[in-house]
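Letters A, B, C, D, E, F and G mark the chains as written, and numbering starts fresh at 1 in each.
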Amino acid sequence: MIWETAILVGLLFGIACYLILRASFVRILFGFMLLTHAANLLVLAMSGDPTGKEPPIVLKEGAPLVDPLPQALVLTAIVIGFGVISYLVILLYRILLDQRTTNLRDLFDETREEREEGEP
Amino acid sequence: MNTNIVVLPLIMPMITAIVLLLAGHTSRWRRWFTGISALAQLVVAIGFITATYQLPPLFLAVGGWAAPYGIILVIDHLTAIMLTLGAITALAATVFGFVEMPVKRTHPLRSPLIQFLVTGINLSFCTGDLFNLFVGFEVMLISSYALLTLEADDWDIKEAFPYLALNLFGSTLFLVAAGFAYGIFGSLNFAQIAALGPSLAGDSRVTLLGLLLLVVFGLKAGLFPLYYWLPNSYPILPGPVAALYAGMLTKVGVYVLLRVFGQVLPTDLTLVHQCLAWMAGITMIVGVLGAVSRNFIRGILSFHILSQIGYMALAIGFFTEYAFTAAILYIIHHIVVKATLFLIGDTVAVLNRTDNLDHTGGLWKATPVLGVVFLLQALSLAGIPPLSGFWGKYMIIVEGVRLGEWVLVSLALIAGVLTLFSMMKIWMAAFWRNAEEGEGVHFQDGRWKPMTGVTVVLAVLSLAIGLGAEVTYKIAAEAARQLTDRSAYIDLLLGGGASS
Amino acid sequence: MREILHLISAIITLVGSLVILVAMIGTVRLPDVFCRAHALGKGLTLGLVLLLTGLWIDLGSEAAGLRIPAAIFFQFLTLPVASHLGASLSFQKRLPRYGDPKIDEDTRSECHRKDSVKP
Amino acid sequence: MNSFVLNLVIAVTWLLLQVKASFPGFVVGFLIGFGLIRLFPGVLDSRDYTRRTIALAQFVLIFSKQFVTACVQLLRIILFVRTKHLRPRVITYNIAGLSRFESLLLSHCITLTPGSSAVGISEDLDTLILHVLDTNNPDALRDEIDRTLKRGILAITRRPPSSCKFRFTS
Amino acid sequence: MIVATLLGFFRLVRGPTVIDRIMSFDSVVLCAVGLIVLLSRSWETPVFLELILIVSSLGFFGTVALVSYLKRTLPEQNEEDEIDEKGEPRK
Amino acid sequence: MATLLIIAIFAPFLWLPATALAGRWLGPKTGRVALVAPLISTALLGWLALDASAGGHHVVEIPWIPSLGLNLTFLVDGLSLFFGLVVAGMGVLVVFYASSYLDDHYKHHGRFYAYLLFFMGAMLGTVLAGNLLLLFVFWELTGIASFLLIGFLHGNEASRNGARMALLVTGATGLVMLAGIVIVGQQLGTYELAALLSGNLSPATSSAAMTAAFVLIAVGAMGKSAQFPFHFWLPNAMAAPTPISAYLHSATMVKLGIFLIARIFPLFREVELWTPFLVTIGFGTMAFAALLALLSHDLKAILAYSTVTTLGMLIGFYGLAPATGAQGDFLHIASHVFFKGALFMTAGIIDHATGTRDIRALGGLRKRLPFLAVIVTICAASMAGIPGTLGFVSKEYMLKAQVIFLESGGTLAWCALGLAVLAMTLKVAFSARIIGHVFGGKPKAETFAHFHAPATAMLIPPALLALLSIIFGLRPQWLGDLLAPLTVTGLHAHEMLSYKPFPDHWALEVGLSLGIFAAGGLLYFALGRERWARVEIPGWLRVDHAFAAAVEMLPKAAKSLTATLRSDSPFDYLAIVMTFVVVLTGTFVATQPSLWPAFPKASEFDPLRTYVVGLIAIAGVLVLAMRRWTAQLIAMSIVGFLITFYFVLFKAPDLAMTQILVEAATLVLVLLLLARFPQTAEAGEHDARGGRPRAIFRIVVATGMGLLATLITVLALRPKHPDFAGSYYLANTVELAHGTNAVNTLLVDFRGFDTLFEISVLVIATLGAVGLLMRYRRSRAEYKAGSMALPGYSHGVRFEKTAKPGDDCV
Amino acid sequence: MKIDDTIILRTIVSFLFYLINVFSLYLLVRGHNLPGGGFIGGLGCALSIILLSLAVGVESAQRTLRADPVRIAIVGLLCSLVSATLPVLVGAPFLNNYNVKLENVPLVGDLPIGTPLLFDIGVFLVVVGVTTKLIFVLARSLSGLTALEPSEWRRYAARLEGPIEERGARLDEVPLEMPIAEEPKEEPHP
């Protein structure tokens, strides 16, 4: 059992969720990035305790190797996460240009327009 | 039977998308190509329905790696049904998009992205592997993000953010659940997990996994209280794309609930099933009340999706073969009807220049055909017999009564009445009310005729589903039977059948 | 032979580690960005190069191949640039600097132009 | 340049003669090739090539010495010099007349050698701005750079007039 | 080595300027490289060598990216403040 | 026989398209085309009725959806034939009447007759259905048809609202009925009426269930037959053109409830609740509706409430019928069909001729429309139960039944009798008022300003019906003999009643009748014309107003519920979802001690890993704590790089390389994004938006999620499944996949399929990103107006009114 | 005196560019046996291009790449798909591997050439295309250009769409007749 990893995963999840729940785009973005990390680590943890095992590359016979499947899964997940996060970044950029805000609460604030129109 | 044909529903849309992308900007031949491809996909899907009726599922051990180690694609009857429905919806959305918009104004990325979306949806239907399902979901979701924002204007764009954020969170949970499942079962293969289920009876970890997957799939399906991504984002989509989304996206969630709980995870997760049923019950009411609260057609229809999802999920929550049949029957009905309603909404918007019910009117006099089509679909949605929506609802009520779930049955009935109410709201405002009370009817915009034509075809289809309910029922029952016959599934994929 | 190589590599590695440690102490102790850039640009480079050399000796070129020299080359190429970039930016943005505030000009320069010194 | 190519060809040929390709094999091949070219300079007019290569080797040595010194000095400063005794300052260094490549190489090396690190280059490539970690006498540093690095670099990149003369006279 | 990494964090926390943090980032990365080297030694495996290459080049990459970003966004300081030996502004 | 029946039922449906199309060319004359279908149906059903023998029945069955227990089963017995004949026969009269009524002032004749035929078909299907489920199917169709018919004049808001009200009430009660039907099906195992009514089935497993089923089905009947508290839709349905009111709302559809009660009589008569429930509802409604009729002024409203009165009476009548069977029910129904159908038609003629139906604005019509006056007088007399009319016979036998019931019914019977007498008294009063105030008195000048005489053809159907009222009133036994073959086993008592036009001996009911005439007459004359004009239905009795208010309020309530659920507050979405996850899983874990992990021992921690975790934790906390974006980003990058390092500790070189490269690319992307973010926004980020409770909430939820993730990690490996798939790949990567790197062979070979779609994800993400970089624009005004965002179309289009003038007048 | 703060960077980066590319190709080819593969190689290649764009500007980096990165990605996807489909033609299961083994290739070792490698090349191209495109669009937008080149507008946007950076006249001022059969007279794109 890998307690360090479990705690790390939990910690990252917690931090990520806290960030996601905030209003600032930047924080939400960071939150999602951390969340991706956390989930990847969780899946990787499924390969078990790596102590005393070799990387999953069969170079010599007989050595115990770590489980490669979680690694492959995480690799896939990393790449997918990259695609989605990139898309999110560009979406935020677009929202910034269209709606001129960097804050989720502002974005959906009905009174914002009036407030802005009131300003010179 | 291990056959490469299984990969067709995935490869065809993907190749179509690639060709369209390489072709560059929009042109007439691109349209022909897209349309023919969509039609071909439909033909293939129907072929799968006939090939799996009362026959063992078709499958493919991808790369020649047999289960449980390789990724397995399985097309059983349920999958074939879903593929067919997806193909119908995609074809309708494509053709409707063509008649709605002249070639030169079309967005060049819409068709390729629709094809990618179909790829993702089909992958989710075909796969027999939990992580591959995750990948399928991702393909579907990223395409859906892309389509959602593709033609959004500078105001609508903000609705994309919550959609993205919630689904991103859901995907992460899915990944977590997939990892968890690998830890518990040591495999990601559906058949293997199903085979290992009995040996883990009573393990609370499996229940926890079930709850987690319930959240994940419930989010995709749009169950209370996980539905928030849906009602405000669908309305920003262009009509035909909205029809495709409304028809297919949440139903993928329902399908997966059906597949994973019905076939893969152990059957003794009663707690999870009860949670599902109650979430579904509340969803029905919340969804329909949301629809009542909206004042524009797309908004009303979007909320209705939720309410209807409630019925299907309720059936799955009842967790009997009969209820599964009901759920499948309901899915078949709902996909066609919901897609048609969105297309009708779009046609209304073309004729009235808006779908805001404060400004619509005069259509019953102007286009009785559209009116009849709407009425058929709306009443079907409300569950008026003998239209298609009635049978699923009826079976759900039968099963609910049999199980003594009085509260849930009452909720289902109340939701039915409220559905009728909100559909009548559209009918009265857009069709019955005088045109002078709204913005008038724009007959000179000739697109409404072919648009109505598409909806008529779909309405005939839904009418056939309803009146020919014997056939529909048999298909659904066969799908449910295959779904619940676990040992056959396991034997086929893990036994001698799968060696290559 | 193998033991000796192993010992040598161990010593080199140890020295490398110490160098890095001191360099990092430097980043803590030194007063401004510019000075810390020194620690980064030189200390870390040397430390890493030593570590890599130690590893190369240990693994032998059979297993490690060209990759470690390549890595060393890389360090020489990039680390100074990194430290230069930091210092350059700080200079441009006039970040606080410790020590003599004036700039000593190259008095021997023939093409020396007094007005050009203050950017 | 031709000579360098020749040298590479010899190295690769050597490599192909081996049973198994490896880096040490390549190095050996390169050294053999260099030896051959050094031995028979007239065949391909390779004198300048060998001279430059030797200059390069010398420069590498000088630079390594400087680099290690610099690090030792840095470590000394970090560990033993108290901050208030530290005399950091910014100085300029004239690099007018050097080519672009030479200036850049120089600035790169300066960063890696005692006491100094490059902070900027003027746009006309005439002046280098350096940050010195601890010095009381900027001119001494400039001289040091002149003597070691600048000369070494120039030896590699340029044909010094003397060597031209030498060729003519011989 | 481990202590070194920790020291890298000091600047990250402390600042005071963004560039300090960039440098600390760089040094943490390099310390990580050092650690990987040490681990490769103790595990006697060459499979991490590419990683070493990549990480070291990427440390550079990160610095370049951050610096070019800051070049655009960091406001210029009004004056070159004098600071004392502790790094605090001198009045 | 089967063919004839099928043709009879489906003739209206089959003829419907022809009628709808004929409307385009024939206009007002479409009615003549439409008449074909009801004529055929009437003829065929009449033929079948002639064949019928008392107590016998036939079943016609065509398979439809046998899997769901639903076939096209039709049960031909006395009850279904009687109602079928009423429907078809009235259909003929109404279509005939309508073809005069709907003149050139109306549009869309084709649609009108199509609706009518649709309705007729659905009605025939309902009454002839031999399967409860099939009955429900047609039942709902009648509701739809009536919705369309009521809303025929949909230019009026009243029409629309009335139609919706009718649909909602009958639809909702119909669904309740469905639940009842389902229970019946489950208790008795079949929906086939022939089997259900035969009494040969094994008894229900639960009498409570049967009671529930009865109540649920009865609710359906009450909805359709406008019984209290569902009575209000009927008067509001009077917005429909009069032929429709005459057909649906007097003669046929509202009788469906009665029909249903009669249908299920043998099935549920044994249920204890049968009598109290039906009697209370029936006679209560009877009296209540009579009172409302008395207080109304709209001719059609009076007739509508009076219809409700009669329907209540009939429901109550079945309620008090003894278990041995009812007697004379068909006579009561026929009587009502004759006089009420005729009265509605005459009301339509009056409306047509004078332009108003308000009884206060009418008067003195006897001079202008003498023939009509005769018809109305006869029918109103029948309604009031004046001797010599069929209504009198009906009333007498009704009172007789109630008197008989007194012996067994106790208090309930006395109350029922009291209510019935009261209602009949009121009936006399308002019948008298119709005659007196419409035809009597002086003609009102303003009413006659645009008077035009009705077509003679229009008078034929009501005249016919009035004639029948008189003939059968004087010779009731003729009717009794006609109806005798239609006796139904189980529903009807064995011994036949012999009907007499006048009572030949003294009985309590005769006395009651006399009292009723006296009291009713007194009431009418007591108020006088002026006083009558001032009475109004008190507001608290207007259930329809309450319903309308509820309908108005529903969207508002829904809106506030939607707001309570934060459906329009995207800021809260994630919070809700996360809270749900935490609560759901947290509750489960808290109740499952087997899931609680043991506290780890210090020896379980690997020092190096723990150290790296500590570093990541510091960097992570820095991401939270740092104020500036750049600083946060650097901390983020460090987290990323350290996770890479953690991957190294997990012996995952490929992963580490990918991670670090992805990290770098992401870093650049985010930097580019931040470079565009306004610097001022950074300052605004630190405002404590939402305040402390919000922050605490966030911390709690985030902690919950963190704990969940930790728990999952720990649990998944407790123990990891021994036969994990990974070992297979290690064993076979060299042999089968020709690569030593198991991760890469997994990626491109064993699970290459994942990879294929994963790169698709990347491509699609790019396409999506590219699609984001060009956009349509919409003006703020358009956005605020909620106008449709049809890409490329709504842009630049101004709203113009383009409907052709005159399109909307009906 | 103006300080040129990028010259060192520019020079070093243009040098590194080639190095990194060689390295990433190496990683691509040998990924089957040792750490590496299409993803890693592709990301490395992409990062070299990004580095170039950071140092010398996005436009010249784009010129260096010549092709539209999206097309590269699509071709890559096609490449992978073809490699997956090829075995089907000879009756093998979809995505089956087909290898020819080249032994003892210098610096790489044994090199199986076959569908897995083709597949990996596809992955490589996709990753390169995707990553560079994503960065290019943002970088262009930041340097005052439109995110998409005008030549790409017709390929990736509908006719009436305009660049997001544009804050000029609104598109809704372009008059439209309904139904639309022919093109609008005015191109809304400036």
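The rule is simple: contacts are C-beta pairs under 8 Å (C-beta built on N, C-alpha and C of every residue); 3 or more make two chains touch, one makes a residue touch a chain.
Note that the structure is predicted; figures quoted are calculated from it, not measured.
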Contacts common to chain A and chain F (chain labels): B, E, G
Chain connectivity with chain A absent, coordinates unchanged: one piece
C-E against B-G, pair bridged by the larger set of C-beta contacts: C-E
Identity of the chain that, by mean CA position, is farthest from chain G: F
Chain D and chain F, separation of their C-alpha mean positions in angstrom: 91
Centre-to-centre distance between chain F and chain C (centres being mean Cα positions), rounded to whole Å: 81
Where chain D and chain E are represented by their mean Cα positions, the distance between them in whole Å: 27
Whole-Å gap separating chain B and chain C, where each centre is the average of the chain's CA atoms: 59
Multi-chain contact sites of chain G, meaning residues that touch two or more partners: 1-3, 5, 8-9, 12, 16, 23, 27, 33-36, 39-40, 44, 47, 54, 70, 74, 77, 81, 95, 97, 107, 127, 130, 134, 137-138, 141-142, 156-161, 164, 178
Multi-partner residues of chain F (each touching 2 or more other chains): 570, 574, 578, 633, 649, 653-654, 657-658, 661-662, 664-665, 668-669, 672-676, 709, 712, 716-718, 720, 724-725, 729, 740-741, 743, 747, 749-755, 758-762, 764-773, 775-778, 780, 791-793, 797
Shared interface positions of chain E, touching two or more other chains: 5, 22, 24, 47-48, 50-51, 53-54, 57-58, 61, 64-65, 68, 70-72, 75, 85-86
Chain C to chain E touching residues, read off their complex: 9, 13, 16-17, 20-21, 23-25, 27-28, 31-33, 36-37, 40, 44, 47-48, 51-52, 54-55, 58-59, 63-65, 67-68, 70-71, 74-75, 78-79, 81-83, 85-86, 89-90, 92-98, 101
In the complex, chain G residues that touch chain B: 70-71, 74-75, 77-78, 81, 85, 88, 92-97, 154-161, 178-181, 183
Chain G partner contacts - residues on chain B that touch it in the complex: 2, 4, 7, 11, 14-15, 18, 21-22, 24-25, 60-64, 102, 104-109, 151, 442, 444-447, 500
Residues of chain E defined as touching chain F within the complex: 2, 5-6, 9, 12-13, 15, 18, 21-22, 24-25, 28-29, 32, 35-36, 39, 47-48, 50-51, 54-55, 58, 61-62, 65-66, 68-70, 72-73, 75
Of all residues in chain G, those that touch chain F in their complex: 27, 31-40, 43-44, 46-47, 50, 54, 69-70, 73-74, 76-77, 80-81, 84, 95, 97, 99, 101, 112, 114, 116, 119-120, 122-123, 126-127, 129-131, 133-135, 137-139, 141-142, 146-148, 152-153, 156-164, 170-176, 178
